[in-house]
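Chain nomenclature is as follows: A, B and C, assigned in order of appearance, with residue numbering initiated at 1 for each chain independently.
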Amino acid sequence: MTVQRHVAVMACVLAATALFTAFCHDQFLLSLAFTGLIFAVLGQSWNWISGYAGQVSFGHALFFGTGAYASALFATHHGSPWLALACGAAVAVVLALLVGFPCFALRGHYFSIATIAVAAIAEIVVVNTDALGKANGFELPILPPGLASLQFAGKAPYVLVALVLFAAAQIATVALEHSRTGYYLRAIRANQEAAASVGVDARAVKVTAFAGAAAFAALAGSLYAQQTLFVDAESTLGLSVSIAIALVGVVGGIGTVWGPPLGAFVYTFLARYVAALYGGHGRGFDLLLYGALILAIVSVQPEGIAGIARRFRART
Amino acid sequence: MDVGPLPQLIVSGILTGLLFALISVGLTLIFGVMDVVNFAHGEFLMLAMYATFGLGLIGLNPILALPVVVVAMFVLGALVYRFFVKRLLAGPPEAVVFGTFGLLVFLQGAAQFFFTSDYRSVLNPPFSGTLHLGGIAIGEAQLAAGLGALVLIAAIFGFVEYTEPGRALRALSEDRVAAQLMGIDVQRMNAFAFGLGIACTGAAGALLMLTYQAYPRIGTEFALTAFVVVALGGFGSVHGVLLGALLVGLVEVLGGYYIAPALKMLPVYALYLAVVFLRPQGLLGRR
Amino acid sequence: MSDEPLLRVRGLEKRFGELRALDGFDLDVAEGRLTALIGPNGAGKTTAFACIAGAQRPSAGSVRFKGREVAGLPYHRIARLGVARTYQVVQTFDAMSVVEAVTVGALLRRPKLSEARAWADEILGFVGLHAKRTMLGRSLTIADKKRLELARALSTEPRLILLDEVMAGLTPTECADAVKLLRSILARGVTILMVEHVMEVLMPLADRVVVLAAGKPIFAGSPQAAAADPLVIEAYLGRP
């Protein structure tokens, strides 16, 4: 897609979401929209490293959790939530460099399993640390609503804040696609050895993308914590979160700008909403439905929903 | 000199490791033959545990249920290959990873939906006593599960080393193109290997029901360990699996005792990272 | 210093366990010339390329490029110094279009994407692949894949280009095109080191031929002298 077309789609999506937020009074639908946007950002940041660069990570929740815990810690110690956003992102970047540098020496499945191991270690450490609330997690204190506290009375303002982050992630992704780093990431995915033969320092490029992705995931984590006002290890660092992030990317289509948002939309609205109507959360119906959807997509169109759209466009 | 609980822990670690080995050998077989990491491996194990529980309801104890479950899981595995994995292999390389992940989500969701999240244990456990051997106390059930796993692993090793189909599997995992030229039917062998790999989870599931309870998410816990075991030993290496599984079993049991039960997986993951950072192809893997 | 050739290899060794793929390999490549590396199958030609370019780490020995020791440097660092290569078994970026793949190479010296794209287009015109610029790498014919690799290598503006059997599998017409292309690459001032089997192709092109057998150079000189050398004939045809 050309940049102009990305801008046009972006404008439509932003306008539609803003309108929806302005006129929808159903708090459940609004919270779904919030979750959808957070997952779109998470899926997109995962897409940088696992889609464009083809290094499949199953530990992306590490960075989401970093942001969530940063917000929780700042809030309980009377720090500014905006400072928490910045600190969470900074810590996530440092973590990404520390984790990425050794892990990107690994290829294929060895890398994927290393990401699981690193995230699991983080979860175990948090669950056993008193200052981080152990397995019980902790609640954020309720503050007077407003931009200063980044807490709001209804769900709608949260959706709008998440929408800003989402727009930033989309713009960053389009910029990435049209940058040297973006080309290098795709070349690495296609053939790392051949990429090195034209001067691509694969490890440095991957670590760079990883750090950027980590920052976005941490910002998403911070906003999530501000909205739920509760943080615990399993729901922010757990393997199931990492898997959900990866599947959002897969369902939508990896290595594309609009795949992860599509996947996030499907994940939240189709799987969660429909499941809530016909069975309720926790009974497994959402997983069943979502799993079936993934199976269908992967066996019919391995490039995800975005791939179906592309094929459809190519035909017309 | 008082050695404390160390011998007891080592025995327990080895018995645990043997079960890990049985689960992981299936994973490595599938990977070796068709380069597929079956991320739904744990979910097949979970199904096998439910199947064993179900057969318990009609009076078969886990040991008697084992052959039935193994055959059923073999058939299931071969069918899943034939109607699903085969299609994925024709797609882009990520399709297999994502497809088996979808299978994981689907099977887990199905189990939760149909069997609920309740814990199920067999009603008629055949072993319940404790053996005391020179100061070491071992649950009979744990011993039976570990020894059962040992016998089955030996059988699989023997099969792969000394039988005609086993040799064909090995040929495929060493050089697919050459194996094809030698007239090996790759699709049939793939289906066979997938069935065999899943049958291993069948056997392991039946043995696990001697000591564990079945619930929808149990598969993920064991599968995580199995991935670490397989990668630690080196993807595709059958001997590496045994080494990796025993190491992980020991580290987990010793770590759980000497550090803290809640931290028992910490040394396991740390061990994996330490090994692959030094040797990116795992302990016995080939580059 | 100034009389040192562009590339000087001395005593290069590469061992794979017991096997010595390279065993005391020496080579000089003069700037602006075409040097051919020939030898029977398994002589170590591709290994020599990999060790010079940095894809593999030599076990011992020296590789000096532009007067600088480069043996053991990472692959991408050597590429940045000005060594580009093609592969015996083509290694294209299958999922990228032709122009995108060449842009990846062009970005090495031109970090701005628009400039890199323009340069990639120019190189594609040079190798005669411009009409197929939007096709995916995987959908090209073998001959076009080889052109694509060549374009990708050239787009990095190398001082030295290593060509591994660029003629293999080409039809006679395609071969003639390739020879023309090689001449125009030389005319751009790029030094060429190539591995080639087809002696007839090399005879008029090469300034110098180095013959490799069992990991050692057994001859270095003009192509005509190589064709007449009894050691070379023996290495190729085996003992009578």
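We take it that a residue touches a chain if its C-beta (ideal position, glycine included) is under 8 Å from a C-beta of that chain, and two chains touch if they have at least 3 such contacts.
Quick caveat: nothing in here was measured; it's all calculated off a predicted structure.
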(message) With a step meaning a move to a chain it touches, how many steps does the shortest path from chain B to chain C take?
(response) 2
(request) Would you mind checking which chain's C-alpha centre is most distant from the centre of chain A? (result) C
(message) Closest chain to the overall C-alpha centroid, by per-chain C-alpha centroid: which is it?
(response) A
(request) Take the average of all CA coordinates in chain B, do the same for chain C, and state the distance between these two points in whole angstrom. (result) 47
(message) On a C-alpha centroid basis, what's the spacing between chain A and chain B, in Å?
(response) 31
(request) Mind checking the centre-to-centre distance between chain A and chain C? Centres are C-alpha means, answer in whole Å. (result) 43
(request) Would you tell me which residues of chain A are touching chain B in their complex? (result) 54, 56, 102, 105-107, 109-110, 112-114, 116-118, 120-121, 124-125, 127-128, 239, 243, 246-247, 250, 254, 279, 282-292, 294-295, 297-299, 302-303
(request) Sort out for me which residues of chain C touch chain A in the complex. (result) 53, 55, 74-77, 79-80, 84-85, 87, 91-96, 100-101, 103-105, 107-108, 111, 113, 116, 137, 152-153, 155-156
(request) Please name which positions on chain A make contact with chain C in the complex. (result) 178-180, 183-184, 186-187, 189-191, 193-202
(request) Please give the residue numbers of chain B that touch chain A in the complex, ascending. (result) 37, 84, 87-88, 91-92, 94-95, 97-99, 101-113, 116-117, 216, 220, 224, 227-228, 231, 235, 260, 262-263, 265-266, 269-270, 272-273, 276-277, 280-282
